[in-house]
Structures are given as structure tokens and as C-alpha cells.
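When the chains are written out, they are named A, B, C and D in that same order, and each has its own residue count from 1.
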Amino acid sequence: MVKMKIFPRFNDTDALGHINNASFASWFEEARRPLFEVFIPDLDPKKWNLIIAKIEIEYLAQTNFGQEVEIKTWLEKVGNSSMTVIQEAWQGGEHVAKGKSIMVHFDYDKQTSRPIPADIKDTLNKKFSAV
Amino acid sequence: MVKMKIFPRFNDTDALGHINNASFASWFEEARRPLFEVFIPDLDPKKWNLIIAKIEIEYLAQTNFGQEVEIKTWLEKVGNSSMTVIQEAWQGGEHVAKGKSIMVHFDYDKQTSRPIPADIKDTLNKKFSAV
Amino acid sequence: MVKMKIFPRFNDTDALGHINNASFASWFEEARRPLFEVFIPDLDPKKWNLIIAKIEIEYLAQTNFGQEVEIKTWLEKVGNSSMTVIQEAWQGGEHVAKGKSIMVHFDYDKQTSRPIPADIKDTLNKKFSAV
Amino acid sequence: MVKMKIFPRFNDTDALGHINNASFASWFEEARRPLFEVFIPDLDPKKWNLIIAKIEIEYLAQTNFGQEVEIKTWLEKVGNSSMTVIQEAWQGGEHVAKGKSIMVHFDYDKQTSRPIPADIKDTLNKKFSAV
């Protein structure tokens, strides 16, 4: 499991006074950065080899500006060419949102998925285990 | 079903050259505006009475800047106090993304859900039927 | 002068109940799209040949969700390799913001500015005159 | 002077492969947070007493994903009811952008500016001096 702290930006909020639902999609993407680094160590977009197939976000509580959010990220499953990522957002001891996303190892030139190499699988399983 | 056209903003794209996954959360929210208007006719945030409980987005194809996107929105189900919204995004004849979201009729002062009034249900069922 | 209508997205607002200042940078960029099309007719990011050097935005009134915004865009000056773009945002008959930006005709491979061709200058001067 | 580190989010980039110009407006707002805290110690949006009158941003270099950005913030001038904020963004030892913004001490109920109290001025002058 990897933990990351995110401080809400003022424009992550909306006119209802709390964090807008779409900001969680950005935060969860930001919190998947350590996972991206396993695939693309220098994070160079020209070498990108992951594509997102699906996201799910459940909103459990209204989230506020002015207080740090901790995001926990781990892998539920590493398949042949895809992964299921689980994420939780916590603020002030409260579980405010949970997310699930499916990422695919992808060749942008050929526009096809490709198997995840064994050494990357090993790193993923170690670094992003559920506990 | 309600259809809305959205023109991607340049900063909806990301360094991979296509629309970023989080922008779809914003686009689908924007395309739910006619649904919000059934509940809050003048769209005044101070009168807001809806809260989002969950979103799901599936990414079916890479989406481009420079070309209009059409979003179709309808209701799969209207329950006692919540609704399941289905959305599809199309660009240039291609089905690029689909979304599902759960919206709850909500009292922000009391912080509780509340039943959807019968007349609103009628309007929803007419305006947001699947066909 | 070119006019474009923009409908605020819900997440263009912030917790103060109005449009966040940063959203105007996105809106003004979106309203420069017809200008981008003079340089890159198909708006393909791979062919992009403009870079932004400076923006200025003055906020004249609080801007609301739920009401269309009209943006007027014209050129104050077309120089050898750069242009000064003036923009105004209006909502419900009120002038809510004004913007100025400097765009440079740019070669991304060589990382240098380059002269604006005469035919493009002609089109700009016709389409983006102050009146 | 106050320094803050910001890690670019993936959707701060755009299809040209670098950080989008509008993201700097958000980053500079985020980096003004310590300044907001002088006026609103708990950062509660309901108690907000600042409004933005103007921003200027100059783009000095293309800014990348995958590398931390440091933002330096200080006050050029503290007037009767307004302040001029200067900001610089640095990435990997390079000065990538500079910003200037005018913030006004504001009464949202009365919709008028109001003088900055003497004790707040003192704190501002100490914490946000140019050096």
C-alpha cells in the first residue's frame, strides 16, 4: 500500500462549499503516480505505456478545503495486461471517498494492450499489496 | 433522453495528447444540468438539493481536442430518494465513454436524503426516459 | 471580433459560490480557439505552432453558475511573430472580466519564435479586428 | 517570503506535453494559501474575506510533469485595503513562470472592500517580505 497526502486546491471546491466530485478523479490519478513510476520511472509522457479503462468513485462524506487528505492506494488484482487499483481518501480521520480503477499496460503506437512483464508484476505485488 | 453538445477545452487534454479521464467527470456533470434544473429551476447553488453518491466511467476510445462531443443522458431508475443516471459520450460517430452516476435528493441543512416529490418524478420519467 | 458563448461547468465554481478566477484562464483559452484555427485549421495538437507568453485577467464582478457567458475576442496588435489578444467576458448584460494575452508563433522542434506569414496576418486582421 | 512545493497533477498537463497555462493560476492560488491563513486562520470558506481583482502570469519556460515545482510568494505592496502579491515558479533550477495578483480585503455581505487591520498588516509585512 502506498499513502500520499494531497492538499485540496481552492478550485477543487465548488459552489456547494465542498470538494467537487470530479476533483477526486484528479486526486486519485495523482495518488497513482507511484504506480505509474513502476512502469515509467522518469514519468516522461512520451514513454507512457498505461491507459485507463474504467473508474468508479463512491462519495462517503463531504470533503472540505483547508485540511489535508490522505489517499491510500493498493492493487486488488494484477492480471495479464491489466490491474485493478483500489483507493481510499481520508480527511481528519474520516473515510470520505473510495475509488476503483482499471489500468491497462498499453502500446500507444500499436494501440493494443500488452502483457505486464514479470519483474514489474513482482514490484507491483510488493509495493502495492493490500496491507 | 437529453442530448448536449460539449466542445472540449484545451486543458481538458493531457500530455498523452487526448482528453484526460477526469474531464469526463466534469463533462458528465455538465450534461446533467438539465436534470439539475428539474430540481432547482434557477440553478441557484444556495437552493441545491442534490448530492452525488457514486460515479462510474468506462473509457471506450481516446477522445480528441478539436471536435465536438455529444453526451446523451437518461435515467435508468428513479427510486424513493435517489436516481441512477446513464450517460454516453460520442465523438465523430464513435462511442468514446459511458457513465453511470447515483444522485440523491438531499437536504443540506439536515444532512439527510429525502423522498423525490411525485411531480418531479413525473417530469423526470418523461424528460429522461431511455428513448 | 469573434464572439463565443460558454456555459459555466459546475466545477468552474468554488466554495465562495461564484466562478473561480482560474476558470477564466480556461474560458479565455477556449474562446481563442477560432484564432488557433487560423494557425492550425484542424486543431491537431501535433501541428501546434503557438505558445503563450503572458496572460492578464481583471475580475470586474462575481460571475455565476447557471447563466451563459459571452466572450468577445479581438486582436489589439499583430507583430512580427507575436499577437496581443484582448478578451471580454459578459454575463447577463454585465461586463464581468477582461483579459489580455500574448501569443507567439512558435516552432516547437527548434524551440524558437518565427514570423507570422503574411496571409495569416491578413486573415487575423480581418477576422479579429477590434470592431 | 513563503515557499511551497507543488507536484503537478497529470491533468495539469495538456496535449502539447507540458503544463497548461491555466494550471499556473491554480498553483499560484494554492501557494497563496499561507497568505489566506493570515486573514482566515481556519480557512473556512464561510468566513472568507478576500477577493481577487487581477492576475498576471508570464510564462518563461515549458514546465513538465514528473518534477516538483517550487513557488515563492511575497508581497510587493500592502495598501489600505488591497495587496499586490508577487510569485515565482521554479522547476529543476529553472525559473518557469512569474505571477502578480491583486487581492482585496472584502466584505461579501456588504459587497465592499474594507481596510486591512493593523495587526494583519504587521503579520503580512513580517511573513511576506520580499526577502
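Simple rule for what comes next: a contact is a pair of C-beta atoms (placed from the backbone, for glycine too) under 8 Å apart; a residue touches a chain by one contact, two chains touch by 3 or more.
Just so it is clear, the model here is predicted, and its values are computed rather than measured.
Across the two candidate interfaces, B-D and B-C, the one carrying more C-beta contacts is B-C.
When every chain is reduced to the mean of its CA atoms, the largest separation from chain B belongs to D. Annotation: 33 Å between the Cα-based centres of chain B and chain D.
Between chain B and chain C the centroid-to-centroid distance comes to 28 Å (mean Cα coordinates, whole Å). Shared interface positions of chain D, i.e. residues touching 2 or more other chains, are given as 10-11, 13-15, 17, 22-23, 26, 29, 45, 65. Listing the residues of chain D that touch chain A in their complex gives 7, 9-11, 13, 17, 26, 29-30, 33, 42-46, 65-66. Within the complex formed with chain D, the chain B residues making contact are 10-11, 13-15, 17-18, 20, 22-23, 65. Residues 14-16, 21-23, 25-26, 29, 45, 48, 51-59, 108 of chain D touch chain C in their complex.
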